[in-house]
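Each of the next two complexes has chain A plus one other chain: chain B in the first, chain C in the second.
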Partner chain A sequence: MAQVKASMAGTVLTVLVSQGDQVEAGQDVIILESMKMEVPVQADQPGRVKEIKVEAGAFVNDGEVLIELEE
Partner chain B sequence: MKDTWLEQLEENLKKVKAGGAPKYHEKLEQQKKLFVRKRLELLFDDEFQLEDGLFANFTAGDLPADGVVTAIGKIHGQIVCVMANDATVKAGSWGARTVEKIIRIQETAEKLKVPLLYLVDSAGARITDQIEMFPGRRGAGRIFYNQVKLSGVIPQICILFGPSAAGGAYIPAFCDVVIMVDKNASMYLGSPRMAEMVIGEKVSLEEMGGARMHCSVSGCGDVLAATEEEAIASARRYLSYFPPNYEQKPPKMAGKNPPEGARRIAEIVPDNQNAPFDMMELITSLVDEGSFYEIKQLFARELITGFARLDGRVVGIIANQSKVKGGVLFVDSADKAARFITLCDAFNIPLLFLADVPGFMIGTQVERAGIIRHGAKMISAMSEATVPKVSVIVRKAYGAGLYAMAGPAFEPDACLALPTAQIAVMGPEAAVNAVYSNKIAELEEPERTKFVMEKREEYKKDIDIYRLASELIVDGIVSPDELRKELIGRFAAYENKQVIFSRRKHPVYPV
Partner chain C sequence: MKLQKVLIANRGEIACRIIRSCKSRGLKTVAVYSEADRELPYVSLADEAVLIGPPPVAKSYLNMEAILEAASRTGADSIHPGYGFLSENAVFAQKVIDRGLIWIGPEPGVIARMGDKVTARRTMMEAGVPVVPGTDGLGSIEEAVREAGKIGFPVMLKASAGGGGIGMQVSRDALELEKTFPSTQSRAKAYFGDETLFLEKWIERSRHVEVQIAADSAGNVIHLFERECSVQRRNQKVIEESLSPSIQPETRVRLYEAAVRAAKAVRYTGVGTVEFLLGPDDEFYFLEMNTRLQVEHPVTESITGLDLVDLQLSLVEGEHLPVTQEQVQASGHAMEFRIYAEDPVTFMPSPGRLTKFHPPQGEGIRIDAGVETGNTVSPFYDPMIAKCIVSGFSRKEVLERSRQALKDFQVEGIKTNLPLLLELLEHPEFVSGHYSTQILNKSTNK
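Here is the complex of A and B:
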């Protein structure tokens, strides 16, 4: 199962997808805010959003799972 | 002379040049590898090739050239030296004469002051020959010693076609650049089999020491090539940016305009300081068409490093990529920058910094990883660089980020600002929070937001770029449409810059 992980430590600014959405590889799925920058996080591979693990405002560490995807 | 002598020589030459037994050539084909002599043919300009030690270990009968070709040839008309493992001879392993040949070609490159290429495809030491090839004065250790001695004197390039195992993995480690062939190249100290035996880890070769891993995760690889042909072409291209040694300047070529239809820099850079944009597009719009050669494209992508030409003149570019991790400097990006700056400075390649940096990353994770000492490496390398050095503040340059990107205190020949530039200890949002945190906490909405907005505006005025130019902090404010012209002029003017940074044995490097 594919996962979307945080590329760096920061706060979740916006979740761009909803459960059940189909996403493409390279699509921005979450925007983090870190170091006062907007940091888009992409899905590495295509899939359907199975579970969103975080909500806006949450602190996440580098490598933390944000979204679970399924085939 | 007797005809039989000539025939015998012909026959022996043919035999040795054929490399190992046919079954090993078949194996090469299966692995989509080329025979060592084919590799050299692709590497050199033409047939000109001088070879020493072709008959090394001839009397052994089954070890043609003792598994390594050492030769002199030409790349872009420039004499170069090469050592190339022959994987058809005992898997390219090193015997005593293999090592001696490698040491000798290093000595030749040193005397001639010409680039040295290592075409590596080797299983490592021949254990059976270890006393002769491993521990002694002219054992394998001397190869690495020589590499270190030659570092910064002549360009040392590694093309990794196959394994580079155990001690052999240090050949790429001591080269200036490592070009790896995807799927075939690997570097590791202990093989997966050894890892399983010794520490109980089960792992594939690709995961542990594959080309893609090294080019994207460990940073041991600089360029990932899809095929051997591509890797060899890449090495030739790399050398087009380099002089043959540290005493000469990189070759200048005819200039080219940036590509037709490239967007204007003013359109590429967004007004919002916090929104990401693609710095690569800005570089494309700035430099000679097709001239950018990226180093470590897949590693620490929040920072771009690579060679380019401005009106035919070589420059090394260090640029923050806000599209990745906000362009923030991390442990790996600081290392990447330090290494690239050192490489350029060693071979008289001028440096262009394109700054758009929120600073060095903060937080527990990076502090534990030693971000301070890694950042120190970058700042140290950048400070020491005495080549022409221009910093362009494209957008933000906050905190130590300004310092690391060759800010005014670090003796750039010029620090230029685009009108979008913002230089400060920190951005307006963070600064207002830091200065007025108590006050902000006391206020109720909507006064709180109003207060914060007012203070941010005040702060922005305080760090206004015209104010910084007025205080002579930046040397100029340049229109993005004029930036290319300005930089071409600057680098031409600074060409004969001569500076001695400091007299001493060597600095105590941060590591």
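Here is the complex of A and C:
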């Protein structure tokens, strides 16, 4: 099962997908804010959004799982 | 109206900087800090420190009530806002005054007038200060396209309540303008709570030059020369120097006159900065007025020998300017390098623990740092962790000293822009002194 992880520590600004959405590899799925900069996080492989683990406003650490994808 | 105890409503390097000048005047200091900043040097440097909230800025450094409460609890009689955060917030300045405290900055009315870009433009036009051809607040996309046609493309779409480079977008034709208008509008709403946009002519190969001014309550205004701030990434400054290596002597005189006129037009008091955009032909236009201390104030201190924070404190106490225009001399050259916790190529943030922070020392080197070895660079705030200010007899000497200083600057545990700064010190345009705000877009962007 694929996971989308935070590329750096920051605050979740926007979740761009919903549960059940089909996403493509390279698609922006979440926007983090770190050090006053918006940092988009992409899915690195295609899949269906199984679970969104975070919500807007939450603080996440580098490497934390943001979204679970299924084939 | 003498100050006794100053609360610094800021963090990091600028809090350290302000505490230093307060101490040398014999003033007591109060630091405020968020849960993320407990371990930073400025907290222990102050005589007292008050925890004001959790890490997010809305709950700490932008939390007006928590800061005012900290002031009353510690018996501070004044608040220095530093830069960023609440420094240009007229509502906060007024609250400070309403609580019977001294606001170390210009009057709230002046902050409000200069903070709204549309009002600021109009004020400057009336004062005879040249402004970039542009519009007032726009009502619709259609109006934007019509006005852009009159001004001539390319144009820059800006948020009326904006700042810090956020919510600015260049359009080269009507199609592009129509496309960027809605997203710029929603970004302006999200960041500044006001979706009003306006247009300005976009000047290609422009330079960003600003004039430091100081004014007392008797109406005396002097300039403290200019700072060249064209090395920018994401519309934020990276290197500043004084004097500007590229403007003509005649332009310089007109620029100073315009800055002093601008300050007089709003009856400015304290220290402030008037920012100008210069075209390749040395024509200049008013950009904005920063009604606070600037990040890059040390380059002005290096060439004038003045302490700008000390000057702020004495001016707010009602003293007159300690020097006349004729007495202020610019001597030698100075550059400031901003050390950012970020990837030097992608400019992506790089928060984390500093396993080593070892700044250089030497002749003509000043370090204004907000961190030390062992600190964690938090993702909640600005990525700037330190400033390296280098001065010398000539620009050439400063370039040589800077190369060595930045090579000796050891930071481990996070990525920094030091490699980019060293690359810039070898960049032919930068070395020649003839560079524009596009210098980083051409040389290092992917």
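A few comments on the model shown:
Throughout what follows, the second predicted complex is superposed on the first by the 71 of 71 C-alpha atoms of A that agree within 3 Å, B and C clash if a C-alpha of one lies under 4 Å from a C-alpha of the other, contacts with A are read in each partner's own complex, and residues count from 1 in each chain.
Keep in mind that, in the parts below, contacts are C-beta pairs under 8 Å (C-beta built on N, C-alpha and C of every residue); 3 or more make two chains touch, one makes a residue touch a chain.
Note that the coordinates shown come from a computational prediction; the quantities given were computed from them, not determined experimentally.
Shared-chain residue A:11: touches chain C; no touch with chain B.
Judged by the touch definition given at the top, the superposed model places A:34 against both chain B and chain C.
With both structures placed on the common chain, the touch criterion links A:3 to neither chain B nor chain C.
Of the two partner chains placed around the shared chain by superposition, neither chain B nor chain C is touched by A:42. Residues common to the contacts of chain A with chain B and with chain C across the two structures: 8-9, 34-37, 39, 62. Residues of chain A touching chain B in their complex: 7-9, 34-40, 61-62. Residues 55-56, 164, 234, 341-342, 347-352, 379-383 of chain C are the ones touching chain A in the complex. Those residues of chain A whose C-beta lies close enough to touch chain C in the complex are 8-11, 34-37, 39, 59, 62. Against chain A, the residues of chain B that register as touching in their complex are 274-276, 322-328, 330, 358-359, 361-363, 365-366, 427, 429-430.
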